[in-house]
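Next, two complexes with subunit A in common: one pairs it with subunit B, the other with subunit C.
So, the complex of A and B:
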C-alpha cells in the first residue's frame, strides 16, 4: 500500500495535477507519524501509511496559508474523508480543488481506537483515488452504547460526571485546533466584547466552553475523534459529540459526512419538525 | 408569603412580535402572575443564541424560559423554525450534561395569548420553586479542580 500511495502521489505532482500533497510522514519514533507537506515529486518517498496514522489531515485544508497553495491532494482515512463532504457543503473548500487519496483502513491506534470498531467507511466513500483493497463496512448498531450507558443514570449523576470531566479542562483548545470543522477565524472564546466565555480554566467557564464546542458541531461532527485524542486531560469529548449525532439522526434523519447534496440539518428546517419540546 | 422566602429568578427570552406582545396583553388585561420572571426582548427566537441561556445560569438564574411565535407565524417567515431545530438539539445536550429539564422551558406564545403567558410563567415558577435554587451551577465558580 505504501508503494502504491507514494507512486500515486508522485504521479499527481509530476503531472502537475496538484501542487501539494498532504500526507503522513515518519514521526519521532516508530509508533508516531506526523503530517508532511510535499511539493516535489522526489520527496514522495517520505510518505508512510500504518496504524499510527491518527491525524485527520483535512484540518489543514482550511488553513489560509495552504489555501493559496493551489490544488492539493490529501491522504485520508474513510473517517477523515467525511470531513471533505462537510467542508464542501459549508463552502470552505471546492470539491474540485482537492484530490482525496482514500486509504483502505482496518483501523488505527494501538489498542484500536473506539471509533474503528463501528467504522462503516473502512473504504472511503468520498475519494478520487483509492489505495488498497475494498473492505466491508462494520456494523454501527452499538455506536451509541456509551451514550445510553451514561443516560441510564439520573440528571444529578450526569451533572457530577461532566463536572468532574470538565473540571480537568485546561482550556488549551487543542480540541478546536485538531477539529477539521472548527475553522472560524475568530472563535467565540476569543471574543471579549462581550466576553461570552470565561477564559480562565475554572469549572464555570469550562462548562460553557464545552457546551459551545459540542453544540457548534451538532449535525456537523463526522466522528473522527480527533478532539478526544488530542485532549491532554482525556475528557471524553466524543461522548457529547455522539449524543448530538444521535439526536440529529433521530430527530432530523441526518448523518453527517455522507451525502454532499443533502442540506445541512442546522441550517435548514422542516415545518413538521417535532414540537414536543414546546408548551 | 414570608419576607425572607427564597424567590426563584427566571429569565425569559422572548421574541418582539408574539410573546412580548402576549406578555403585554397579559398586563393590559390586568392578569396577575408570578413576579419572578425577568423578560428580555429580542427580535426573534432565531436571534436567541444558546449561549444566552448558559450566560443566564452563570449570572444566577434558577430557570430560563424561551418563547416566540408559533411555527408558521414568524415575523421573519422562518426564524422560529430554525430556532426550533436549535432548541431540540440544545435541550438534549443540556439534559445530557445533567441540567434538570424543568429549569429550561420552551414555548410558543402568540400576541393574542396573554392568558397562556400568565399560566406559563406561573407553571415555570412553580416547577423551579420545587427544584430550589440552582446552586449546582453557581458552585462551579467556587469548586476546586478535581481529577
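So, the complex of A and C:
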C-alpha cells in the first residue's frame, strides 16, 4: 500500500492536480508517525502508512495559511474522511478543492483503538482515490455499550464519574486543536468581553470547558477519537461525544459524516422533529 | 556516599513512618490510566517504578490555578485583600526522577527575580524532594544533553539509587533530606561497602555550547518554519513541562465581588501574545514554537545562566503530532556545525 500511496501522491503533484499533499511521515520512534506536508513529487517517498497513523489530517484543511495553498490532497483513514463530509456541509471547505486519498484501514493503535472495533468505514466512503483492498464494515451493534454501562448508574454516580474525570483537565486544549471540527476562529473560552465561561483549570472551569466542547460537537462529531487520544490526562472525551451522538441518532435518525446532502440536524428544522428533548 | 539502604519490600513501611511523623507523602500514583503525583493514601499505590508521570512535580509548587487576591464591591468602592497560600503542610515528594528535581533550582531563579514569589517559596520550604535514580531510561530521555544525568542530584534533598539486590541506597544532601533518613531509620539498614547500583544510560544528543550561539544568530532562519509548520498550537507541551512557568491572570467576578486567579499559560496557544488591540506579534505557528525553544535554550540562559529544559521528554511524549524538542535542538546543533 505504501508504494501505491507514494505513486498516487507523486502523480497528483507531477500532473499539477494538487499543490500540496498532507500525509503521514516517519515519527520520532517506530511506534509514532508525524504529519508531513509535501510539495515536491520527489519528496513523496517520505510518506508512510502503518498502524501508527493516528492523526486526523483533515484538521489542517481549515487552517487559514493553507486555505491559500491551492488544491490540496489529504491522506485519510475512513474515520478521518467523515470529517470531510461535515466540513463541506458547514461550508468550511469546497469538496472540489480537496483530493481525498482514502486508505483501507484495518485499525490503528497497539492494542487496537476502541473506535476501530466498531468501524464501518474501513474502506473510506468519502474519497477520490482509494488505496488498498476494499474491507467489509464491522458491526456497530455494540458501539454505545460503554455509554450504556455509564448510564446504568444514577445521576449522582454519573456526576461523580465526570467530576473525577474532568478534575484532571489541565486546559491545554489539545482536544480542541486536534479536532477537525473545532475550527472556530475564536473559541468561546477565548472571549473575554464578556467572558462567558470560566477559563481556569478549577472544577467549575474544567466542567464548563468539557461540557461546552462536547455540546458544540453534538450532531457533528465523526468519532475519529483524536480528542481523547491527544489528551495528556487520559480523559474519556469520546464517551461524552458518543452519548451525544446516541441522542442525535435516536432523536433525528442522523449519523454524522456519512451523507453530504443530508441536512445538518442542529442547523435545520423539520416539522416532524421530535420534541422529546424539550420536555 | 550512601550510608543507608531500604529493602524494596519495606517501601510501605517507609511511607507509614513518614506519615506518622506528620509528612504529607506525595508520589507517583495511577489515576485512570495515567500516572500523576498525588498524595499517597494507601502506601501500596505508590509506584516508584514509573519512569515518567504524565505531568511533572511542578504543580505541587506552582498549581494549575490559585487565587492571588479577592475583592468586594460596595456602593462605588472596592475593597481588596491579597491572598497568600496558607502555610502548606510539611510534604515529601518521593519518586520523582532527577530531571524533575533539577527543574526546581531552575525555577527558583525565575520566582526570585524581580519579585520574590512567596506562592512558590512557601511550598518549596515546606517540601522535601526525594528523587529515584533512573535504572531504565527510554528513548525520549535526554537529560545528559542539558546538563543532567540519570542519577543527578540537583534539586533533590535525597536520592534513592536502586541496587542489584532489590534495595534502594539513600543518600541525603540537605538537612531536609537527612530528616527523612532520621524519620525512617527504623526501616533502613546500613549500606554495604560495595553495593552494586543500577543506573541507566542516556546518550548525549547535542552540545549546549554549540546550540546557544546558533540560536542567538538565527532568529529568522527558515529552520523554524520547516520544523513547526504542522504544530497544532495546543498547550500540552508547556503544561506537562517541569520548567515551563508562564502564567495568566484571570478575574472571575460577579456583582458582589470577585477573585483574581493565577493559572498556567502556554506560549504555543495562539492568544498568548494577542494584544488588546487585536494585534498579535506572534501570530504564526513557527513564531510561537520558536519562542518555546528560544526561551528555554537562550533567553533563560542569558537572564539566569541556566537552560530551562531538563530533558524529561514529557513534551515529546505528549505532543499530538510527535514534535520532539530534542530532535529540534539537535537539528539546530547540526546546523551550527555545518555553518562554521
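What we mean here is this: the second predicted complex is superposed on the first by the 275 of 279 C-alpha atoms of A that agree within 3 Å, B and C clash if a C-alpha of one lies under 4 Å from a C-alpha of the other, contacts with A are read in each partner's own complex, and residues count from 1 in each chain.
Throughout what follows, contacts are C-beta pairs under 8 Å (C-beta built on N, C-alpha and C of every residue); 3 or more make two chains touch, one makes a residue touch a chain.
These figures come from a predicted structure and were not determined experimentally.
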item	value
Subunit B versus subunit C as contact partner of A:202, first or second or both or neither	both
Touching partner for A:168 - first (subunit B), second (subunit C), both, neither	both
Subunit B versus subunit C as contact partner of A:274, first or second or both or neither	first
Touching partner for A:265 - first (subunit B), second (subunit C), both, neither	first
More subunit A residues in contact - subunit B or subunit C	B
Which superposed partner A:2 touches (first subunit B, second subunit C, both, neither)	neither
Touching partner for A:112 - first (subunit B), second (subunit C), both, neither	neither
First, second, both or neither for A:190, with subunit B first and subunit C second	second
Shared contact residues on subunit A - subunit B and subunit C	164, 168, 202
List of subunit A residues in touch with subunit C within their complex	27-29, 32-37, 55, 59-60, 65, 164-165, 168, 170-174, 176-178, 190, 198-202, 205, 226, 229-230, 232-234
Sites on subunit C touched by subunit A in the complex	31-34, 36, 54-55, 64-65, 139-140, 229-230, 232-236, 238-240, 250, 252, 261, 263-264, 266, 269, 271, 284, 316, 318, 320-324, 327
Sites on subunit A touched by subunit B in the complex	147, 150-151, 155-164, 167-168, 188, 196-197, 202-204, 207-208, 211-212, 214-215, 218-219, 240, 243-244, 247-248, 251-252, 265-267, 269-271, 273-275, 277-279
Parts of subunit B lying in touch with subunit A, wherever the complex brings them together	50-51, 54-55, 58, 71-72, 78, 81-82, 84-101, 105-108, 120, 123, 136-137, 140-141, 143, 145-147
